[in-house]
Amino acid sequence: MPIFKVVSKKKINGKVKKIFEDIKKTRKINKIPNFWKTIANDPNTLERTWESLKQIMKKGSLDERTKELIYIAVSMTNSCEYCILSHTLAARKKGMTDNMLKELIATVAMANETNRLVESYQVEVDSFLK
Amino acid sequence: MPIFKVVSKKKINGKVKKIFEDIKKTRKINKIPNFWKTIANDPNTLERTWESLKQIMKKGSLDERTKELIYIAVSMTNSCEYCILSHTLAARKKGMTDNMLKELIATVAMANETNRLVESYQVEVDSFLK
Amino acid sequence: MPIFKVVSKKKINGKVKKIFEDIKKTRKINKIPNFWKTIANDPNTLERTWESLKQIMKKGSLDERTKELIYIAVSMTNSCEYCILSHTLAARKKGMTDNMLKELIATVAMANETNRLVESYQVEVDSFLK
Amino acid sequence: MPIFKVVSKKKINGKVKKIFEDIKKTRKINKIPNFWKTIANDPNTLERTWESLKQIMKKGSLDERTKELIYIAVSMTNSCEYCILSHTLAARKKGMTDNMLKELIATVAMANETNRLVESYQVEVDSFLK
Amino acid sequence: MPIFKVVSKKKINGKVKKIFEDIKKTRKINKIPNFWKTIANDPNTLERTWESLKQIMKKGSLDERTKELIYIAVSMTNSCEYCILSHTLAARKKGMTDNMLKELIATVAMANETNRLVESYQVEVDSFLK
Amino acid sequence: MPIFKVVSKKKINGKVKKIFEDIKKTRKINKIPNFWKTIANDPNTLERTWESLKQIMKKGSLDERTKELIYIAVSMTNSCEYCILSHTLAARKKGMTDNMLKELIATVAMANETNRLVESYQVEVDSFLK
């Protein structure tokens, strides 16, 4: 078995158990998603990732839904299937509608097109942008 | 000269001139940015890109500022310098503050990290996500 | 059938057969992995890839295990599932432990995050780096 | 100095000198481009890269110009400025016109857009494609 | 269900129906591929994408087969499985042989290698390329 | 000014100042690199990034030099110029020689090639890899 599976139940103790409880409470869920159960193979990475995400994704100048939309946009650009699915679900819970998702996808796809137009034509930076 | 420069003034006529006028009016700007002046070498691409962007980036279920944030997120993930600069300016005009930009960057960077965690650990899709 | 399958047994002759024998002997394996059996559809690509990999991946200033870790790091950044799996197996054969793999993944994920921080903030190159 | 510069004249001997002569003769040029002069810091990489490119880029079932167009398409997708410039020059020498280049860019940009539409919508593979 | 499935039959009316008819006629096919049936969830995106592709992919200075080869090259660089499969089929219909496909793949792979050599060595742009 | 510059001296206080002191001490440097001075515009991101990097990049099952090599491999694959330069310097301080760097680059470039071969040929995962 070359790569890690989700942690077995008997390994969910100590730091891992505490973080899993915090995830359930903060996210209001009963079941820990595979993402967390898999990176729990490395408790330091689990802890660092959870603490970072909690800080970054909470309401600030941007609301939580907008942050989820940004997360999806990155995941779509990187073609990360799991990430698209899990953050789409998270965004829906925060009020993202079908129409919002469609507009998000259209924007992501178009941005990927014009990014390549800019790089292909090697557009010079306008002086008012510097 | 292997790649195209911005179109010379004498080539700004017909379809190109009409689109440039529409860009100025719609975007409320006096000067056409280099992006449009460069892709104007191919009037079909200029027209298609402008018509698509006008349709995609206008207020819909998502407001215009959120769409600009999404555009920046993609451009950051693709490391397109010009695109980051120009859409950051556009987002600022639509009310993006410094703090919003900082939160946007933190979210984009974190998403790029967890996208790679998911792909590295080859996390299995949870049944509730299918 | 639009893309190629693994080569059928009757096509394993001449140059292909000789390379397969070399792969088995050099790698100390009995079974040719699908990667080689698939690119064998193009014997020139098979030969070039095998000769290049033999030269690049052998012990030099860097030991073989370190080179496999680098290979995995690239494959994770490119999200190439097959490549991650096959080079993880190769690295394990050369002594990579579970803990090394966990640290590798953490480093790869973090590098993908800070790469985007650098590009998003468009950090200027320090004079001492030029 | 953290990364390598072009090799100094006194290092152009033995294997490197022989390959430089072959490049000049094959490509019908008088001056070795910086790409070759830089990777010459590692004579093995210089040799391997030149031998591979000579084999891959020569007329086969695809003509040389089409292969250059493909090279540019990849380089645009990867945003490699040097690669776009040098292969655009090479393609021009093989008959690529301004209009061909414009159509190439439009195709590359559009493909990058629809690639993201496919990944974002997670389009299921049609049975007739399997 | 977080992401959209192919549109149900009862939603294939109005603009969507008209575009589907045009796709069938233009492409000379009887069955609408999943790509179009999925993005049809957003009729504006369906219309924009179809109109753009029709314009871009038709014979111009470059013939249709060459454009399909370019499309495949981008899709391979982006690792878009569906896109590779569907455009390989399209290219075959326009005369791409097995040998052409093998040479295409070899070129794409090599370009991805030298793109990274250029970026890793940070090769300086030759004055004759500027 | 659309994107942030390095923080001005008068903003280097409180949390930022403390972290800058820690960076200088831990890294044994007198001057804070632009990376840290730029992300210091967002003290939370500065703190999170520094704490994460300190934890990830310290000697564990993998030594510090190997971790720097992995960091460079990712940065080369993502074409992040600043990241390549700064981590190459860091790796040199930890004993990376010119020959090691050359072998690292050759491995990174080759991995990018075979990653694309795998994705282009859509190689099936061997049963012994699952």
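Going in written order, the chains are labelled A, B, C, D, E and F, and every chain counts its residues from 1.
Keep in mind that, in the parts below, contacts are C-beta pairs under 8 Å (C-beta built on N, C-alpha and C of every residue); 3 or more make two chains touch, one makes a residue touch a chain.
Since we're looking at a predicted model, the values are computed, not measured.
J.: So which chains count as neighbours of both subunit B and subunit D?
T.: A, C, E, F
J.: Would you pick out the chains that touch subunit D and also touch subunit F?
T.: Common neighbours, subunit D/subunit F: A, B, C, E.
J.: Tell me the angle, as a multiple of 5 degrees, of the rotation that maps subunit A onto subunit C over the C-alpha atoms.
T.: 120
J.: If I average the CA coordinates per chain, which chain comes out farthest from subunit C?
T.: B
J.: Looking only at C-beta pairs in contact, point me to the busier pair out of C-D and C-E.
T.: Here the pair linked by more C-beta pairs in contact is C-E.
J.: Most remote chain relative to subunit F, going by C-alpha centroids?
T.: E
J.: Could you give the separation in Å between the centres of subunit A and subunit D, each centre being the mean of its C-alpha atoms?
T.: 35
J.: When the centre of a chain is set as the mean of its C-alpha atoms, what distance in Å lies between subunit C and subunit F?
T.: Taking the average C-alpha coordinate of subunit C and of subunit F, the gap between them is 21 Å.
J.: Just the number, please: Cα centre separation of subunit B and subunit F in whole Å.
T.: Those two chain centres are 27 Å apart.
J.: At which residue positions does subunit D touch at least two other chains?
T.: Only 2-4, 41, 44-45, 52, 77-81, 84-85, 89, 102, 105-106, 108-110, 112-115, 117, 119-122, 129 qualify.
J.: Can the chain contact pattern be summarised as a line, a ring, a star, a complete graph, or none of these (other)?
T.: Shape of the chain contacts: complete, all pairs touching.
J.: Inside the complex, what are the residues of subunit C that reach subunit F?
T.: 3-4, 6, 31, 33-35, 38-39, 41, 45, 49, 52-53, 56-57, 60-62, 66-67, 69-71, 73-75, 77-78, 80-83, 85-86, 89, 97, 99-100, 102-104, 106-108, 110-115, 117-126, 128-130
J.: Applying the document's contact rule, which stretches of subunit C touch subunit D when the two form their complex?
T.: For this pair, the touching residues of subunit C are 2, 44, 48, 52, 55, 129.
J.: Please output the residues of subunit E touching subunit F within their complex, sorted ascending.
T.: It is residues 76-77, 79, 81, 84-85, 105, 108-110, 112-117, 119-122 of subunit E that touch subunit F.
J.: Contact residues on subunit D for subunit F in the complex?
T.: 2-4, 41-42, 44-45, 78-80
J.: Which residues, counting only subunit E, touch subunit C once they are in their complex?
T.: Those residues of subunit E that touch subunit C are 79, 84-85, 88-89, 92, 98, 101-102, 105-106, 109.
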